[in-house]
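Shared between the two complexes below is chain A, which pairs with chain B and chain C, respectively.
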Partner chain A sequence: MKAVEVVNLVKVYGGGIPAIDNLTFAVEPGEIYGLIGPNGAGKTTTLRIVATLIKPTSGSVRVLGFDVVDQAEYIRRMISYLPEEAGVYGNLTGYEYLRFIADIYAKSGDESESMIEEALEISGLGSRIKDRVKSYSRGMRRRLQVARTLMVKPKLAILDEPTSGLDVYHAHYIRRCIRRYVDEYGLTVLISSHNMLEIEYLCDRILLIHRGRSIDDGPPRILKEKYSSNNMEEVFLKAVGLT
Partner chain B sequence: MNPLKALVVKEFKDLLREPQILIGIVLAPILMLGLMGGILSTTFSSVREATAGRLSIAVLDLDRGVYSSNFIDTLKRMNVSIYEVESKSIDEAILEASSRNLKLLLIVPEGFSGNVTLGVKAKLQVYSNIESFSLLSTIPSSAIQAYIATYEHILAYSLLRRVAPSIDPSFVLDPVSLDEYTVIQGSVVKAPPSIIFQRFFGQSLMLPFSMFIVVIVAMQIAATSMAKEKEERTLEVLLTLPVKRIYILMGKLAGSILIAIIGSISYLSGFAFYLSSFSAIPQEELAGLDVRAEYVKVMEIPLQGYIVIGALLTLSLIAFLSIAVGLSALADDVRSAQSLLGIVFIPLIIPFIFTLFVDVNTLPVALKILVYAIPLSYPMLSINSILSGDYFTPIVGILYLTIFTLAVLYVSAWFFESEKILTAKIKVRFMKKPEASDMYGEG
Partner chain C sequence: MRIHVVLDLYIFKVKTFFGALRASKASIALLLLYTLSFLLGLFSFSTPISDAIRKGVTDIDSYTELLSSVASLLMVFAVSLALRGYTVFEYEQNLIFTSPIKPREFLIADIFSNLTSLLIFANPIVIFYVMIVHSLKLSTLSALLMLSSSILFIFTLLLLKTSLSMIKSLYGGNQVNTLILAIIVILVLPAAGFIADLPLEYNSLPYPSTFLARILVKSVYSVDRLTLDFAGLSFYFLLSVLLFLSISTKNFFPTTTCIPFVSPFDTSMRMQTLQMERNIKMFSRIGMLPTLNLGSKSLLTFLMKKEVIRVIREGSLFTIIFFYLIASFIVVATSISSSQTTQSLPYTYLVTFFVGVYSLTIPLMLVSNWRFSDIGSLWIPLTSGMDLRIMVNALLYSFISISSVVPAAVISILSLIYSINPIIPLTLAVSTSMIGCPVNLYIMVGFLGMKSSGTPSILIGLASMLLSVLLLTPTYILIFLGLHLSFGDVTSWLLTVTILAYSTLIMKLFSREIKRSISRIEL
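Here is the complex of A and B:
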């Protein structure tokens, strides 16, 4: 069974131009799969459909064997989604926010506590965790969000630009955390990023998307060889025929 | 923890700590009404002190006749402190009174006694010296009017005795007396309808009135809470959590109701304090409002009546809150949500106004249908029905409201399940076309 299976996916907003046009790809369990493409390529829309937030116009999307339209409730029990610009309730403290999420996912008080402990470690917020979120910097909020997403150890983590707004040091640290969770707990990760370095470092396989269509996919090393390129940026430009 | 409980706790904390809600809904009513009550209470206390003390006046007697001295003696007997000015003209007398810090100058013009003797209307003049326009500055004038009226009564009495010794003067002075009764649904009560209404308003209408405030406040809170999820981009995560979407809706309703109850307690405590400040008013002024126990019985709503009204109000609250949450989920930000909410206030206010000021049965058919078609009319309409022992309207109301509320909940739940909750981005701005990015999702 695939972790994510997208077949002939089309998404049209309000009768306009398709945001996603006949997209097909599959993510194997336990791998980190990256979507790369410019703004408006359809990455976020794809992630939102996989996260059961919006529905496909046509085509099918299955997550861990369940259909995103008919079995969304089952899927939500197994996924954890980090939107690109996820907000946090400013009037809650970081700790209260983690507690709120943990109480929803955990089956017992102990499980909830251990989730929060892990999140405290991932976020690295220290004593600031007791402060209201509205006093946090953008980077601190992002770290809290990443911690919230990983602490529940979902079968599938959907991460939209996980390190956006983070400085080099924290971005590196968060990438290591993601890698560690995949290795230790067997998570599957579907990730989108503009950061080609991040994609190369993290992803087992990547999908190049342009204007809602799939251009190519494969492991970064193979793609670099295929397009005779030194980095993923060149790969993308050559794949879409811009160089 | 139960996911629903986690959602309610989160809503409650997030909302209660919102400065706009904490100050505007929780703190402001008790502070504002408390402050107003305090001011009124202080004013009335000083009024009472002012009226309780002995009235001091300056008098210029230009008449110096039998009746003028009789008048001044009567005032003295009524414990008015009299200072007879030495000046001979009115202008000088005003200055003299003012220099002695006397607020009132009473002038008995020349010919006062002559007029009374001849049976011609006699005149008196009073000059009030006020330093500012305040309630306090009107008191001496009102007080002297009362003393003069008393003297007038005494004078009329003695004149009548002299002119017609065989007739009882009190009959001539007040030949007709009025006893007013009100018949309420067959029960006769000895009081005019205005007093009955005041009693009714104070006692029976306070319940729906306070609930009306709870509904309005809760709707604003619910709308703010929902719109904030969108504006601050917390909704996306919320919608992917492993909880039933209907729980998210219910969490919002419960959180808003809890805050609205706190807000209403604040409002009602402030209001109660405000009302209590009126107890400082001199009691004789309240005598007209005093309603004896006999009226109260007729106006009482029986226990089952309260249960029926409670059920109607609870149903209305859920229905209107669901509408508020649903509507605000269409909006892109808090401001737009609050503008959209204005639409819902109209059907709330119409029945409230009509049932308060007019008998719905006397309205033209079209308006009558309108009032009966609006679900929130029923708690108000039912109070009148229950008082007359008619439970038909309330029962119909409960059935109608139950169907309406279920329909609203069903539509809201469907809306929460659909992607529209995330993609709908109505911006209420005057004269501005929606932008492409307002209509479609990103990426």
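Here is the complex of A and C:
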């Protein structure tokens, strides 16, 4: 069974312009699968459909065997979603925020405590966790969000630009955390990023999207060979015919 | 259904909604001010009611009719909210709708958090209820009946609003709109009896609002025979529960509409700017007609034009026009149905309208919208080295022009129709703009400069309105004298000159203070 299976996905918004145009791809369990493409390529729309937040216009999307439209409730028990612009309400403390999430996902008090401990470790917020989120820097907020996404150990983590706004040190640290969670807990990760270095470092396979359509997919090493490129940036530019 | 999840979600929502209150002492102080200002009004309102009841004025039918119409209006408001579909905050979509929380768990937490917010905002009414119970020495049974029926009614409203919003989100389409509009029309129709001599009254209709009104009035008068009314209200409550139960299991999460505000206490600029962008989109066709002429010789004129264009594009001007069209309609409708002469009634109504509503709300809306749309680009004039007096004057003159022109046009048209002297209403409209705009801008700039930018607009607005009322008192007194002493033309003109001179003085004073404060804003 595939972790994510997208077949002939189409999403058309109000204006009639297709955000996703006949997209097909599949993600294996335990894999980190990256979506890369320019702004407006349809990455976020794809992730939001997989996260059951919006319905596809046509086509089929299955997550761990369940349909995103008819069986959304089952899917939500197994996923954790991190949006690109994840608002954390500023007047709650980081701890209150994590406690709330842990209580939703955990089946017992002990599990809830353990989740919060893990989140504290991932976020690296230390004593600042008791402060209001309003007082956090952008990077701290992002680390809090990544922590809450991973601490519940979902079967599928859907990460939209997980290291957006983070400095080199913390971005590297978060990437290591994601990798560790995949290795230790067998998570599947569906990730989108503009950071080609990040994609190359993290992903087992990559899907190149342009104007809502799939251009190519495969492991980064194979794609680099195929397009005779030194890095993923060149791969992408060659794949969409911009060089 | 997991009760602990509902409870967690409820607490989270309430904390999120009222977060700013915990964070800012100014917000708490202003909320107290809000309660006190309403309490004063309600106290003055409760005393004559209590006196009338003690003296044995027992016009139960009229009281029931009036109360029922008010309750029906509340229902109309709740039902009309369903036309937008089910609206949620951005964090709810991203965080809660992708979690294992079930739709019904979310909905129940939402209803209870709405109830909590309602009770906190309506706290003066709760205190008013205690005042009435205490001053009339009502029995415990009557007091409990009033309380329980009110709670039952509020729950009915919330359940109905929730269910209809879900139906709209899930099924959309014109049929749902027609259903909601039909409910609104049915609820409003008997109110037509107030403005026209029609055989329509709430008293004879089995509306939930009528049952509530009957219970409240009969409880106050210690009249028996409440069982039927209570049963009627309970029937509607059960009906709304059944409707809610039948629809609350459906997966409505992907069909919700995201709204930018987290709460009225939310001051997130990104969220408020999003709302502004939506308005601009809505009004863009008309708003794009006037354009800025960069060749303008005067910087003041250029900046004024820029503000006017912004007000048109963000939709504020249309809100003002819409506001006045409604008011004019009410004035005309009232004058047609009234037994009084057509010459005196519109005049009085217009004046009451300006004093009661216009003078306080329009400048507040203009200044609040300026804050949300322009705060992000305020660095341009502040770092440009331009004379900030020109910028402040441009803001003030454009606000005053916009908030004066529309009422002036309406007053002129109504004056022609009813052959009334427009001098005093026009004076009042101009004076309220000249005082209201600088006062609102001064308070807003003051809060931004004091690093209290976390203070919610709604509470800043309250402070502005109170100061405006205080400074407008001389205007109100002079206008009142002008109306009731029926001055001749010369005296009326003298009155106008006095009011305008006073308004100019206040405007100049505040304009000077705004110039000082605006340079203190740290961006």
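The working rule: the second predicted complex is superposed on the first by the 242 of 243 C-alpha atoms of A that agree within 3 Å, B and C clash if a C-alpha of one lies under 4 Å from a C-alpha of the other, contacts with A are read in each partner's own complex, and residues count from 1 in each chain.
Please note the rule applied: a contact is a pair of C-beta atoms (placed from the backbone, for glycine too) under 8 Å apart; a residue touches a chain by one contact, two chains touch by 3 or more.
None of these values were measured; they are calculated from a predicted model.
Student: Given the superposition on chain A, are chain B and chain C in a clash or a fit?
Tutor: clash
Student: Per the contact definition in the header, classify A:Ala41: touching chain B only (first), chain C only (second), both, or neither.
Tutor: first
Student: Touching A:Tyr81 in the superposition: chain B (first), chain C (second), both, neither?
Tutor: Both chain B and chain C are touched by A:Tyr81.
Student: Once the shared chain is lined up, is A:Thr52 touching chain B (first), chain C (second), both, or neither of them?
Tutor: Both chain B and chain C are touched by A:Thr52.
Student: Who does A:Tyr13 touch here: chain B (first), chain C (second), both, or neither?
Tutor: First partner only, chain B.
Student: If we overlay the two complexes on their shared chain A, which of chain B and chain C does A:Ser112 touch? Say first, second, both or neither.
Tutor: first
Student: Taking the superposition on A as described, I'd like to know which of chain B and chain C A:Tyr201 touches: first, second, both or neither.
Tutor: After superposition on chain A, A:Tyr201 lies in contact with neither partner.
Student: Looking at chain A, which partner touches more of its residues: chain C or chain B?
Tutor: B
Student: Does the superposition put A:Glu73 against chain B (first), chain C (second), both, or neither?
Tutor: After superposing on A, A:Glu73 lies in contact with both chain B and chain C.
Student: State whether A:Phe100 touches chain B only (first), chain C only (second), both chains, or neither.
Tutor: In the superposition, A:Phe100 touches chain B and chain C alike.
Student: In the overlay, answer first, second, both or neither for which of chain B and chain C A:Leu92 touches.
Tutor: In the superposed model, A:Leu92 contacts both chain B and chain C.
Student: Choose the clashing stretch of chain B with respect to chain C from the list 149-157, 257-265 or 275-283.
Tutor: So the stretch of chain B colliding with chain C after superposition is 257-265.
Student: Of all the chain A residues, which ones make contact with chain B and with chain C?
Tutor: 51-55, 73, 76-77, 79-81, 83, 85-92, 96, 100-101, 103-105, 132
Student: Name, in rising order, each residue of chain A that touches chain B in their complex.
Tutor: 13-14, 16, 19, 39-45, 48, 51-55, 73, 76-77, 79-83, 85-92, 96, 100-101, 103-106, 109, 112, 132, 145, 148
Student: Per the contact definition, I'd like the list of chain B residues that touch chain A in the complex.
Tutor: Where chain B meets chain A, its residues are 1, 3, 5-7, 9-10, 13-15, 17-18, 232-234, 236-237, 239-244, 419, 422-423, 439-443.
Student: Okay, in this complex, where on chain C does chain A touch?
Tutor: Per the touch definition, chain C meets chain A at residues 4-5, 8-9, 11-12, 15-16, 19-20, 22-23, 90-91, 93-102, 251, 253-255, 262, 268, 454.
Student: Can you tell me which positions in chain A touch chain C when the two form their complex?
Tutor: 51-55, 72-73, 76-77, 79-81, 83, 85-92, 96, 100-101, 103-105, 132, 134, 158
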